[in-house]
Amino acid sequence: MIQDDIKKISGVNPYKCMKCGKCSASCPSFNEMDIKPHQFVSYVLNDDIDALLKSESIKQCLSCFACVERCPRDVKPGNLIDTVRQMVVRKRGAELLSPEEVTQLLDPELPQQLLVSAFRRYRR
Amino acid sequence: MQRIGVFVCHCGSNIAATVDVERVAQYALLEPGVVHAEDYQYMCSEAGQMKIIEAVKEKNLTGIVVCSCSPRMHETTFRNAAKRAGINPYMVEIANIREHCSWIHKDKEEGTEKAVILARAAIAKVNLNTPLVPGESRVTKRALIIGGGIAGIQTALDIADAGYEVDIVEKTPSIGGRMSQLDKTFPTLDCSACILTPKMVDAAAHEKINIYTYSEVDKVSGFVGDFTVDIRKKARSIDMDKCTGCGVCSEKCPMKKIPSEFNRGLGNRSAIYTPFAQAIPNVPVIDRENCIKFKTGKCGLCSTVCQAGAIDYEQEDEIISEKYGAIVVATGFDTIKLDDFDEYAYNQSKDVITSLELERVMNAAGPTKGHLERLSDGKHPEEIVFIQCVGSRDVTCRGKEYCSKVCCMYTAKHAMLIRDKYPDVNVTVFYIDVRTPGKNFDEFYRRAVEEYNVNYVKGQVGKVAPMENGKLLVQGVDLLDNRQILKEADMVVLATAIEPEAGVRKIATMLTASIDTNDFLTEAHPKLRPVESPTAGVFLSGVCQGPKDIPETVAQAGAAAVKAIGLLAKDKLLTNPCTAQADELLCNGCSTCANVCPYGAIAYEEKEINDHGIRETRRVAAVNTALCQGCGACTVTCPSGAMDLQGFSNRQILAEVDAICR
Amino acid sequence: MYKIAKEKLPALFQLLANEQELILPIKNSGQVNFGLWDEEVEVDLTALNSVKSPKDAFFPQGESLYTCKKDGKKIEIQQEELRDKDFVIFGMRPCDYRGVEVLDKVFLVDPVDSYYQARREHGIIVTMACSEPEETCFCKVFDIDCADPKGDVAAWLDKDFLYWKPVTDKGKAITEKVSSLFAESDDKAVETIQEDIRSIVEKLPYSNLSLEGWGAGKTDEKFDSPIWESFANSCLACGTCTFICPTCQCYDIKDYNTGNSVERYRCWDSCMYSDFTMMAHGNNRTTQMQRFRQRFMHKLVYFPTNNDGMYSCVGCGRCVSKCPSSLNIVKVIKRFQEEGGKAN
Amino acid sequence: MSIENKEFKPKIVAFCCNWCSYAGADLAGSSRLAYPADVKIIRVPCSCRVNPMFILRAFEKGADGVILCGCHPGDCHYSTGNYYTRRRMSLLFSMLDYIGVENGRTRVEWVSAAEGVKFSTTMNDFAKTIHSLGENVRLGDIRCKN
Amino acid sequence: MQELITRGKELLADGSVVGILGWKEGDFSYNPEPAFFQNEEELDKFIYDGFCGANLSKFMIEASKKEGKTLVFLKPCDTYSFNQLLKEHRIDREKAYIIGVGCSGKLSLDKIKEAGVKGIQKITEEEDKIHVETLYGDKTLNRSDVLLDRCHVCKGKEHRIFDEIIGESKETNDKDKFSEVEAIEKMSSEEKFLFFQKELSKCIRCNACRNVCPACSCRKCVFDSNKFDSAQKVNTNSFEEKMFHIIRAFHVAGRCTDCGECSRVCPEGIPLHLFNRKFIKDIDELYGEFRAGEDAETVGPLTEFTFDDAEPQEAVERG
């Protein structure tokens, strides 16, 4: 079940969402997104993963994690987007960065999560 | 040998759906001592109780086991039934097969098996039960109210009107509480002070009510009907008998720049001050931390100007020890700290305020004399944004997971009042849900929208950023439109979550009243005993128990008063007969049990003992059953097992253990 | 007479254990007690006395008698099965063997104790002479020759060999089964061992202990003596002496509730315990003096009175070395002889 | 997971104080917060009523885990009971660990009357621990196993 | 020793005391018994030497019931037990006249035997040596090699309570008292279990440890009464001895003075002090150092608490 995979990878429980929209209110890329952050949660909830996989949003998300930071229900939509993005990468069989490459690119000041998601994006 | 009857309740389908009640009864019949077993729809009903009574008479039962809901629910019911049937009420044991079984186990096989075991344990226990007779204790006909807000005042008035002495302990210099800080009240828009002040005056004037302001509860001991409380009257530095309340001292005080607590820090007060004009008592207090006289030894101006000679710099804290029969907690609430909500810029801009601060801004006696203006520059605002659920319904460590309940309504009130007084101001409310259960509440909210054209947007605000032009850039979302909204606002008002007043934890500990994870006091039963704490003789009034608005608070205050009156009206209380008892033949006289007794209920006496023919004088423990509350601490500390607890004896508990483990 | 080299003993034990249970002295955490043999255990044949006497093999410290099983309101009684397989108990000392003879007088007379009887019938006793008697020994006082053990098989140990002499038919039968490991031996070597032992026994401090004043029929003379009090003052009322004694035979019968059944078992009791022979009305002996007196009067007066003069003490010396308060039967025997005149 | 493990039905005894934890268990019930039926609750007035004898007896008679729940420290209905409990159980559990009884078999948790959720999660977690430890063989009386 | 006898006779003669609790010489060098002397003549058999390890304080319970005072000889470590009994009102200070006796460590017969000694005829004590004459030849042993274990972790040679002191003491403490406990704590759970299983399987439930213990002073032990249905006279199963020893240790926790009598008297040589000392170590670590019997007033650690005591889980997992 792909929905379960997503939940497992992201650690997100979409049922905790109370649909307040604070994620979308916080999102700097809101206007560039076809599926808005808060919709991501309902898409997962409704198991409409195909739409997410095709979505433009996963490329537009800056991984700033404002939505993760501010979500009052600990739903973390940003992690969800990141997870879907990762699934796309996996589906395409794209290669991920090799460990040697990663160390060179590392800046110890940056949040780990940001690095990982950013690398995934720019590797394509 | 006991003759035990087992009665298995279906509780409609509450139990019967997941527990095969007939099988439980069949199995129970195989247990030692059981001579009768049956199941019935509702054991707690009159018909159900009659079944018990009939069975007792027919089968000559000596013990009863009821397999039903929690003993916290119906133990008393079935004990009374036993009494009616003519057997000792303490010959009844309950097997909790609802809360601890049918409600949590879905598989009927599993549920039934567990119910059988729980019944078995109760039967094993009842086999060892002995008839117990409660003792009596006296009731002090005086009540203590902790907290002098609307909840405390109302409770005090109701109890005093019934003819009992009441003391109110309030930690601030005046009674009145949060309600005195409010401007108007929903849904009728009465002026808060106009309806509160008369009650304050009534309380002050009531011959049965004694008010200790600027005082705190220091220590509580005793138990229901007979509490002893130490009240600390903090040094006010004013002789309350001499002060006339003329106010000259405050006017002349050179320390005037101290943020006023009453105005939520938006205005200033002097070091010697009366918190607000209608304060009761109308006697100032010296804030020693900020007073020049106390800081440097110089000044003393207030003392010079006071014609009554009421200023007393030497005054010290005074401890008053008083006995009470009942205690009502009415400690109220505060708003949560917003330090962690950086996105709302509360700490960055003076124009981002909480709703309680807005109350002061709108109030004629407030820092802006009731004019709606920006606190940063005094300008008249054109665009105001309200943000709902700030910290409420928030499961992260920043907020509270509960709904604060009052925000939707006061925000509608604020929006309406602003649009009414200043039609030129645009008001936008960002909300997640609008919750308006209550008489005339939804109508009130709809008026705000339909008559006053307040702009309600379904969605949250993600960020508030102060701009260079002095305005606030509000970035929100309209979920119905699926559109992000950017608004330049002059003011932002945060519907901040409320939480119990900080001191409540300490008070709860002193009262041994339990408290939940959010620091709200726990009620004895969420539905059936909502104004009583599980600790006998302690009652709950107002927001200390959970978020509520003024009408609800007043209603609960009245209910708490009735419960307290019901207690005070009794001359004597029956005490719990489940007390400790020492077996004199086994007692070593070592005093270890007395060391752990929280009630000082164990004394020692030299006694002539006949131990199977050996006569000698021994030092043995004697339990004062009027003082013993039956915790059992002594029983475990006693190495020889001489100390035992009636109703929860070693052998009874072991019998339950054996029955469960077999 | 046979002999077997010491280093071949494990093979002997293995062979014995192949056919039946073998019980012998085993060292566990520094202490020697009789226990079941297997390849893992450390056999110790040098210890003079095991801590507990080997009477356990016939009269265990605790044994189930029968079990009451509950099925609904019905109760079913299951009798514990009697011992029906042979076992060998190896290395019993001569004094302990006498202990078994004392127990026989109790359990094999009418009414016969079937549990004990079954074990006696199936038990094959290999006794072993005491190569190095110690100062606590006084078996000689009871006419036990620790150089010439009785039993189904008698054995002697010297530096290099174990000598093996079948005595009874049972002994001969077991010898047949293991004879492949044995070599024939003459009696000479054993005689040398016996001489050595007897010369040491002569030197033992207690060997000349007199039993004057004790024995059958002395109840009245001893019963009311104030000397008992002086012992009872120091007695801790523990059961050490009783539980290590080869002849103490008192037991209690108790029930154990397993939840679904009740197991009725018997276990050793000690007359030193305050609840010994407790009945519904209380206890016959209310003071430690009375309890202390009971134990020694029983061994030295009552038992001989009822058993043709046979003492129920065998002089093993266990109580002499193990009593926490250093009281023992020798002190009792002697103190009455020394101070007896003062008794009224 | 082995077949034996699947068949293992642990016996878990939970001692709950009347004022907090028992009420917490009631709340878990009325909130329909499930936990394994292996857990059976015994009501005691206060956690300080629980004698180490009770705990050992439970193990003797075949329990695989024993958990003791009381009011949070400071919230005891009898003011101080659970403070004594805390010391007593600290020592008892330490001793059980010392003689080689797996230390997950015993636990103390403070559960208030309002913590139905905590009660349920605690019991789920404890039952899981006992499942992973398997049958109690180090402290039981074999006579009770039949 | 003569000084003790003389003083005892004086006190008897002038009526200060009516009886004397001391030690009486035995048949062998190594088996003096605790005794109650009632007259001067009996006192001629009084002895005080290296084998007088028995702690006499518990005998004061019975002596306290008698008319008049009893003279009791207490070694430094015995005074802790005396104080503890006093704290628990089990004995009467007014009924006791305490002479604190010097102590240079007490001897262990088991250790002498472990050193390969058989057939003991006579033992003579010297400063640092012990001479043993036996049926199988003579032997000389180092005193420190045959001291009771408890003397190596001696609490100190100071009497905590006394009326007068006679005799000199010599320090014998040369080991860390918690090292044995620590060694067990470091074992795996399995190893711990096997260790105690092996030791406790020897237990014959003779109750010597309990009956000698000054802290086990209950009129009727829970294991002898029907209060908990726990009266079993025998270990028919490996559970019972555990139950007995754990509960016994728990009942004396915070009260045990670590006098070591339990280990001294165990006929099976079970190191029973390891239970009590574990509790002492836990108490020291969790609630601050506490010596039961240092005085007769301070309340024990299990009848006290602080608001921030360790949680049971932390206590177990502290490692």
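We just call them A, B, C, D and E in the order they show up, numbering each chain from 1.
As a convention for this text, a residue touches a chain if its C-beta (ideal position, glycine included) is under 8 Å from a C-beta of that chain, and two chains touch if they have at least 3 such contacts.
The model shown is predicted, which means the values in this text are computed figures rather than measured ones.
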- Which neighbours do chain C and chain E have in common? B, D
- Message: In terms of touching chains, how many steps apart are chain C and chain D, taking the shortest path?
- Response: 1
- Item | Per-chain Cα centre nearest the global Cα centre, belonging to chain | D
- Note on the structure: By C-beta contact count, B-C versus B-D, the higher one is B-D
- Item | Relative to chain C, chain with the most remote C-alpha centre | A
- Item | Identity of the chain that, by mean CA position, is farthest from chain E | A
- Rounded to the nearest Å, the gap between Cα centres of chain A and chain E is 70
- How many Å are there between the centre of chain B and the centre of chain E, using C-alpha atoms for each centre? 54
- Message: Using mean CA coordinates as chain centres, what's the gap between chain A and chain C in Å?
- Response: 81
- Item | Distance from chain D to chain A - Cα centre to Cα centre, in angstrom | 42
- Query: Which residues of chain D are in contact with two or more other chains?
  - Reply: 51-53, 57, 61-62, 74, 80, 84, 88, 141, 143-144
- Message: Two or more other chains touching the same residue: where does that happen in chain E?
- Response: 220, 222, 228-229, 236, 302-304
- On chain B, where are the residues touching two or more other chains? 596, 637, 650, 654, 658, 661-662
- Message: I'd like to see which chains touch which, written out pair by pair.
- Response: A-B, B-C, B-D, B-E, C-D, C-E, D-E
- If you look only at chain D, which of its residues touch chain E in the complex? 51-53, 56-57, 59-60, 73-74, 80, 83-84, 86-103, 106-108, 138-143
- Item | chain A residues touching chain B - in the complex, by the definition given at the top | 16, 18-27, 30-31, 36, 38-39, 66, 70-74
- Item | Parts of chain B lying in touch with chain A, wherever the complex brings them together | 343, 389, 393-396, 398-399, 430, 432, 458-463, 475-477, 479, 482, 484
- Message: Please output the residues of chain B touching chain C within their complex, sorted ascending.
- Response: 30, 612-614, 658-659, 661-662
- chain E contacts chain C in the complex at 26-28, 31-36, 54, 59, 62, 109, 114, 118-121, 135-136, 198-199, 201-202, 204-208, 210-212, 220, 224, 229, 231-236, 264-265, 267-270
